[in-house]
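Supplied in structure tokens, the structure appears directly below.
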């Protein structure tokens, strides 16, 4: 139920994403909570996981200010905010809400939807949701199937991921 | 290898925590990265997971300014920063580093250590590590054993976790 | 050189703002630095100073993605981001840059311009500029004229502006 | 009423600072609001203004956990948090509050005190206070005397202070 795609060469079909956990970030480009929280979170998920395990998709679900959030405006927004994952335009519906938003009974934006490797919708969060929770959910969904090999936790070695606010011990 | 405990009535023994994923947050109370990142992250983990699944333990691993970071100072620090999980004082070693820090070959503070349900150390991060990653790791460790029932991802309903920066759709 | 105004009943004329320090916040609604820094700063200035001392004006100076940042889109943006001060649309020019932007030789957005009580442009900052600096500049401009009475610094009493991260001394 | 100084070769005497605006940041090293807000603000003031115009002084005003916030602990704290301005230890008083804190009738920490060029205490803020306000206050105090030449606002040229979230216009 997408009328137009950005950031992808071919249209995206959820059925062809089976075998991966699918993260759908429903947003509106003029929704402050989407800009400050939802989209950066989706981008972080997109950056962290390999494509054959997790598929992140944006969904532009406009339910207000339709004339202000056209596909033309969206394209400029995605460019300026450097959104790298595919984004679909949720197809206009009969009421104010677009079709996917209505079908999923979303309460507003941002809404983050998690779909498991078999294609079942398993979680749906409206508003801000913690990264700890989403990381936990994705791992749980990846682990319950054997469709893809699960990325192991890092080996028993130090991994320097710190900035300079950490305190480094003297060399031994 | 702990010389004193805070925030717990009985001393803590890792062996008795078998069956849970153990998160050890090694810190120094005067380390800026611990105060701004490591300890709030440990507190968020402590707040999110049930005690019979995840055990969060702080470890005060002082390797510098020993006279400034005494147990007396630590106690006031834990009170002022409202740290709620148990914190042990890493026992003084022969070199500058305390005993657990040396045994785990930590590079500095903050260091976050993950121990699986069978008691094996599985991951160790020095510096800042993303919440998404830690949430993922904890779920992976919880799911690989059947020692405890794994908390399911939320059911297919909206869960309002939003603040008022989200945009609420009109009622249907 | 404004083609349309929002958030004001009557068009705004800089000449009629003489006697106040004028703060012009030039922005584009799809410029991330404007959304995260420039506009919140302008709003904070608008909130802090009385209208007869400081006049805050937004200027939508679009030099790219013209089709995406129309007055219709701007109106929705101002509503969603709760911008309360008057905003003018910088009139289209002959090149990519609109007229005021070109006349003021702005380098991009956000740009904050300070105009003194006599109507002279006195400072112009491109990009992020510290609140400390802007507070200092505004006071300097207000103090150099006697056009308006300068707001005194607070009297010699405690003023509780704190949140609960402050430590309150016991009552004496 | 200071028992010991850090970050200065000679003891500091307020009388000898006449002719400058003096900013006193009263804090406790284990007070979360001081660490997250008050001290970074004082450091930013110290970084912005020339020494012959504005003097920033820290004051360690301990009214609780005295055994945990000794001069030895303070010295390590100042080192780890890279506090560059002079810091005095507020001398112990008869009650819980130290002497300067009691004399100034401070309500707790952080408290920011502003003293004008003639040595009169003019403002005192407990808790968080905005940078815009402090910048304004300092300029007002500097401008009301002619003791020091007031730093002019920047000339009518662009000043690039931006990060890369700003949008740069194409060259003309």
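As written, the chains take the letters A, B, C and D, and residue 1 is the first residue of each chain.
Convention: contacts are C-beta pairs under 8 Å (C-beta built on N, C-alpha and C of every residue); 3 or more make two chains touch, one makes a residue touch a chain.
Values in this document were obtained by computation on a predicted structure and should not be read as measured data.
Between the contact lists of chain C and chain D, the overlap is empty. Mean C-alpha positions place chain A and chain B at a centre distance of 27 Å.
Computed from the mean C-alpha positions, the centre of chain A lies at a distance of 34 Å from the centre of chain C. Distance from the chain B centre to the chain C centre is 44 Å, each centre being the mean of its Cα atoms. The set of chain A residues that touch two or more partner chains comprises 31-32, 36, 64, 80, 167.
Taken pairwise by the contact criterion, the protein chains form one closed cycle in which every chain touches exactly two others.
Remark: chain A residues 30-32, 35-36, 64-65, 67-70, 72-77, 79-81 touch chain C in the complex.
Against chain A, the residues of chain B that register as touching in their complex are 28, 31-34, 36-37, 44-45, 48, 63-64, 95-97, 101-102, 105-111, 114, 121-141, 143-144, 150-163, 165-170, 172.
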